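Shared between the two complexes below is chain A, which pairs with chain B and chain C, respectively.
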Partner chain A sequence: MDSRIPAGDLQGKWTRCKFENKLVAPANRKKFTVIVVGSGLAGASAAATLAEQGYKVKVFTYHDSPRRAHSIAAQGGINAAKNYQNDGDSVYRLFYDTIKGGDFRAREANVYRLAEVSASIIDQCVAQGVPFAREYGGTLTNRSFGGAQVSRTFYARGQTGQQLLLGAYSALMRQYGLKHLELHAREEMLDLVVVDGKARGIVTRNLKTGALQTHTADAVVLATGGYGNIFYLSTNAKKSNATAAWRAYKRGALMANPCFTQIHPTCIPVTGDHQSKLTLMSESLRNDGRVWVPKAKGDKRPPSQIPVDERDYYLERMYPSFGNLAPRDIASRAAKRVCDEGRGVGSSGLAVYLDFADAIRVQGKETIETKYGNLFAMYEKITDENPYEVPMRIYPAVHYVMGGLWVDYHLMSNLPGLFVLGEANFSDHGANRLGASALMQGLADGYFVAPYTIGNYLGGTKLAPAPLSHEAFAGTLGDVKARIALLSKNKSGTSALEFHRNLGKILWEHCGMARNDAGLKKAIGEIKTLREAFWEDVFIPGSETNMNSELELAGRVADFMELAELMCVDALERKESCGGHLREESQTPEGEAQRDDSKYCYVAAWQYQGEGQPAKMHKENLVFENVKLAERNYK
Partner chain B sequence: MKFTLKIWRQETPQSSGKFVSYPIDSITGDMSFLEMLDMLNVELVRKGEPAVEFEHDCREGICGSCSLTINGCPHGPDTGTATCQLHMRRFKDGETLYIEPWRARAFPVIKDLV
Partner chain C sequence: MSAGGFTSVNTGTAVDGNVLLVGEARAESAMDAAACIGCGACVAACKNASAMLFVSAKVMHLAQLPQGEPERKTRAVNMVAQMDKEGFGSCSNTGACEAACPKEISVKHIAKLSREILKSKACS
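What follows is the complex of A and B.
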């Protein structure tokens, strides 16, 4: 496990890396094929850029169109160290904020590079015509996000992800129009093909016809997003899954920090068991909304009847210098704490208020409508309450995973030829991601990092031909067929959806915001029992040779069942509180999270050891040469 | 709330389809239209019947996957509203709902409502 971080000073690492990279001459690039799985921001930007450079690119998505990828749902914005506001921002400050925000569990070199290329992303997207919000005079404007004391977030109302994705998608489709890339829609990757220890292809299932196919390439890029949907209730799309990453893990790729999940503080609360999805209300709302609960326990008066001096604006009280813009993990944990004290609001008591009354009074309803109109409309649709008149009710929900496949500085897995971009990798956010940094990372990886490092791999590696006739393709295809047969063996039973819901409950209870030794051990037992019940009882009606979403779901849930156990094992091993996760055994006397740098300042990278065998942990020690390890203080 | 769902079932692009009637009970106003279909599918699988195929993904009104023509209106009665953002409180208890795919020559039906 070599992280291949270039030597020398932090500021020069990426420049030196690019200079030392092996190159592929333009005329030779068409001899190389690169498979890109996933067409969100990371996948689409990487595919478009590699195709523009002259490589043969094949893009796979399980959607009917690349522009359905869940990047589209990102709301608030994208960070970049442009310092347009002249408020003291710099590449170094974005780097520092990201390292600190991640609770000192990310690699310095990767994070610095991310901050360094962030400014180019904005230029690239403006050139594509992405309609970022502007000042009256025409210059790009910014807003603030959690964990930063500068305004560096570029945005397009509450639909930034959609606009950025349309930009990347346009770049992708331009290459498609030029016949520089193949686009395989409604085709889901079900396994990775490894030849002589290198990633050389994939097995896919055509979701319309059920046909299984093998594809060969010189390098494989996974940009398949995160696995937050493992919790069943999350802000992820319903089809978001871990299958591509998990199959790669089972073929030898390391899975890093799988227990690091982000719980977003501002989501619409759960209303009942029928619920399939939690909806995020953008963090940008905390620029103008004030978070509060009643001071008294069990105060059931409507919010308008609670006088100001009987309200607890707890974020402003506890974290005066960041106030309502405390980082996500801190805001989430604070919400959980006040609700656990019995001061939560709404019928379930599992919610806090996000109140715009003051902002509307000062700025006027029209200004608030311009900034957040679509979010307010969405809130009203779902809850049947008008947030211009009554405060929003919000509660934390699973939103993002910092964990993912282990990659080195080149974004390559320990399996040579397998590159992992965007949320699917573990690289940049440590134990907690700051708001508006996911879009930044996805596009940084796809536009500005992978196109260099994949070129270096292809230019510097001797690759023997790997034709589809190679036995590894037939072997992997056989494994996929056997697995589908096993899933389909039961003649009656229960939908995979019900198992998924139950799995989510176990994880949320024991591997969510707060964890402890006994709970995690209990969860591991419960997951094993549920997994056995799943294979005994999961029933997939319909046919394998036709569109069958029950089959698709069952395959994904089967992989979630295995990943869930590894998440708990990882969480059990990390006996410190860190980022979004309070390890109950590791708290300060005031009940704040207590990190333990002496024992846990490393990346836990897990290696698959075979069916039924415990995974083996490898430690990548994190070395901080530029930033001093410090207690995260947002007070 | 109770509804009678008349859902278009069609096995393949080539086969001819038909409306099939499904009574459904215990629906709450907070449920989204797609969550009602989830509930129906869980029941159908338990009874050993093929689930109703429908397209969906983000369930927050932005990806544009969910389609459905409901009582003759594309994506239901509200304008500017994806089906995933349509809640059952929008309908009357006891109503009969016709659910079919959006029919256009450029987008032939693949299966059921997709």
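What follows is the complex of A and C.
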């Protein structure tokens, strides 16, 4: 496992890497084909850029249009070290904040590069016409996000993800119009084809016709997002899944830190069993909203009747210097703690208030409406409560996964020719991601990193032809067919959705914000039993040779079942608290998370060992040459 | 979109974001148009099955920004031509699209698009 981090000082690493990269001459680029799976920020930006450079690009998405990717749902913003606000920001500070925010479990070199290219992302997006918010004088404006003491977040109302995705999508469609790339919509990747140890193609299923197809290429890019939906209830789109990444894992790619999931502090609370997903309220709301619960346990008075001195503004009390803008993991754990104490609000007692009364009094309703209008409207639509008048109720929910396929500095997996971008890889966020960094990472990977490193791979590797007639394609296609047949064998039974819901409950209970040895062992046992029951009893109505959303779901749930076990194994192995995860055996006397750098300062990369065999762990030790490992203190 | 709903700018060629100044009111107005989610409700609501609200939102988002200026005329003409080619109907200003739009895109964009078309044809 070679992480291929360039030697030399941190600031010069990326420049040196780019210079040392092998190049492909412009006239030769059209001889290379690159498959890009996924059309979110990372996939669309990579595909557009590679096509601009002259490579032959094939884009696959299971949506009806690339613009439906889940990146679109991001609300709050995108970070960049522009220092437009003249408040002391710099590339180094963004790098440091991100490393610290990730609880020192990310690679220095990767994170520094992310901070370094962040400014170019903003320039690129502005040039595409992304309507970022502006000052009256016409310059770009910023807001603050959790875990930072500077304003470096660029935003387009509460729909930054949508606007950035439309930017990347427009670049993609421009290349499509110029016939520089092929677009395969409604095609879901079901397996990776490996030829002579290199990723050379994929097997897809056409979601409209059910037809299975093989595709060959010189390199495969996975930009397939995260697997947060494994918890059943999450803020992810219902379709988001782990299948592409998990199939790559089963073909030999390493899966890194799978237990690192992010629990976002500001989501609309769960209301009951009927719910199919959760809705996020942007973290940017914490700029102006104040988080509180009643001081007394079980205080059921309506919020307006609880006087200020009987309220506990616990984030401001516990973390005075960051206050309501404490990082996500810290804010989530604090919310869980006050609710566990019995001070939660709402009918379930699993919620805290996010109150805008003070902000509205000081800034006026109109200003608040300009900043967060669409978020307030969305909240009111879902809860039937008007947040201009009563405080919002929020509770943490699964939102993002920091874990993912292992990649080196070039964003290439240990399987040569397989590149993994965006949330699908594990690289930049350590054990916790700061707000407004996911958009930054997706676009950094797609616009500014992968197009260089893929060129290096193609220019520096001898690739034998891999025609579709090669036996590996037929073999992999056969595996996919056999799996679909196995899934569809039952004539009656239980729906995949029911299994998914039960799996989610196990994970949320034992592998969520707080974990312990006994709980994780119990979860592993329960997951195994549930998995056996799944294969025994899952029932898929309809046919496999036309559109069948039940079949799609069952395939995804089957993969979640396997990944869930690996998550618990990974969590069990990591006996420290770090980032969003409190390992109950590892706490400070005040109940804060206690990291253990002497034993766990590494990336756990798991290798598949065959059906029924325990996965093998490889450790990539994290070396910190520039920052000092410190206790994360946001007080 | 591939008929012109973009600015022709390759990755890596952009100038600093603050070089292109956009006044707050103009940026907000462009954002109003950019808020379109492409859901198709406007086309479904239209008795002529016209996609004018969608096309005008994209054209007017970019027409109001300096970044969109170089391709302003061709974008408007090409996108409308593509819409016609794909068999969408013409607009007869009933306003059903605006009423159906979940993102409150205004029909004024359609009027502005017509003006864009007129200008590009008159000045070409």
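Just so we're on the same page, the second predicted complex is superposed on the first by the 635 of 635 C-alpha atoms of A that agree within 3 Å, B and C clash if a C-alpha of one lies under 4 Å from a C-alpha of the other, contacts with A are read in each partner's own complex, and residues count from 1 in each chain.
Following the convention adopted for this analysis, a residue touches a chain if its C-beta (ideal position, glycine included) is under 8 Å from a C-beta of that chain, and two chains touch if they have at least 3 such contacts.
All values reported here derive from a predicted model rather than from experimental measurement.
Asks: Regarding the shared-chain residue A:379, is it in contact with chain B (first), chain C (second), both, or neither?
Replies: Neither: A:379 stays clear of chain B and chain C.
Asks: Counting only touches as set out at the top, which of chain B and chain C does A:64 meet: first, second, both, neither?
Replies: first
Asks: With the two structures laid over each other on chain A, which partner does A:426 touch: chain B (first), chain C (second), both, or neither?
Replies: neither
Asks: Under the stated touch criterion, which partner chain does A:499 make contact with: chain B (first), chain C (second), both, or neither?
Replies: neither
Asks: Could you say whether A:95 touches chain B, chain C, both of them, or neither, answering first, second, both or neither?
Replies: neither
Asks: Of the partners chain B and chain C, which touch A:274 in the superposed model: first, second, both, neither?
Replies: first
Asks: Could you tell me if A:166 is touching chain B, chain C, both of them or neither one (first, second, both, neither)?
Replies: second
Asks: Shared contact residues on chain A for chain B and chain C?
Replies: The answer is residues 67, 72, 159, 162 of chain A.
Asks: Which part of chain B faces chain A closely enough to touch in the complex?
Replies: 11-12, 28-32, 34-35, 38-39, 41-42, 44-46, 48-51, 53, 55-65, 81, 84-85, 87, 89, 110-111, 114
Asks: Which chain A residues qualify as touching chain B in the complex?
Replies: 63-64, 67-68, 70, 72-73, 159, 162, 208, 235, 237-239, 271-272, 274-277, 279-280, 378, 381-382, 384, 492-495, 497-498, 539, 541-542, 546-550
Asks: Under the definition above, what is the set of chain A residues touching chain C in their complex?
Replies: It comes out as residues 45, 48-49, 52, 65, 67, 72, 82, 84, 120, 122-140, 156-157, 159, 162-163, 166, 169-171, 173-174, 176-177, 447-448, 451.
Asks: Within their complex, state which residues of chain C touch chain A.
Replies: Chain C residues touching chain A: 1-3, 5-18, 20-24, 27, 30-31, 34-35, 37-38, 61-62, 65, 67-68.
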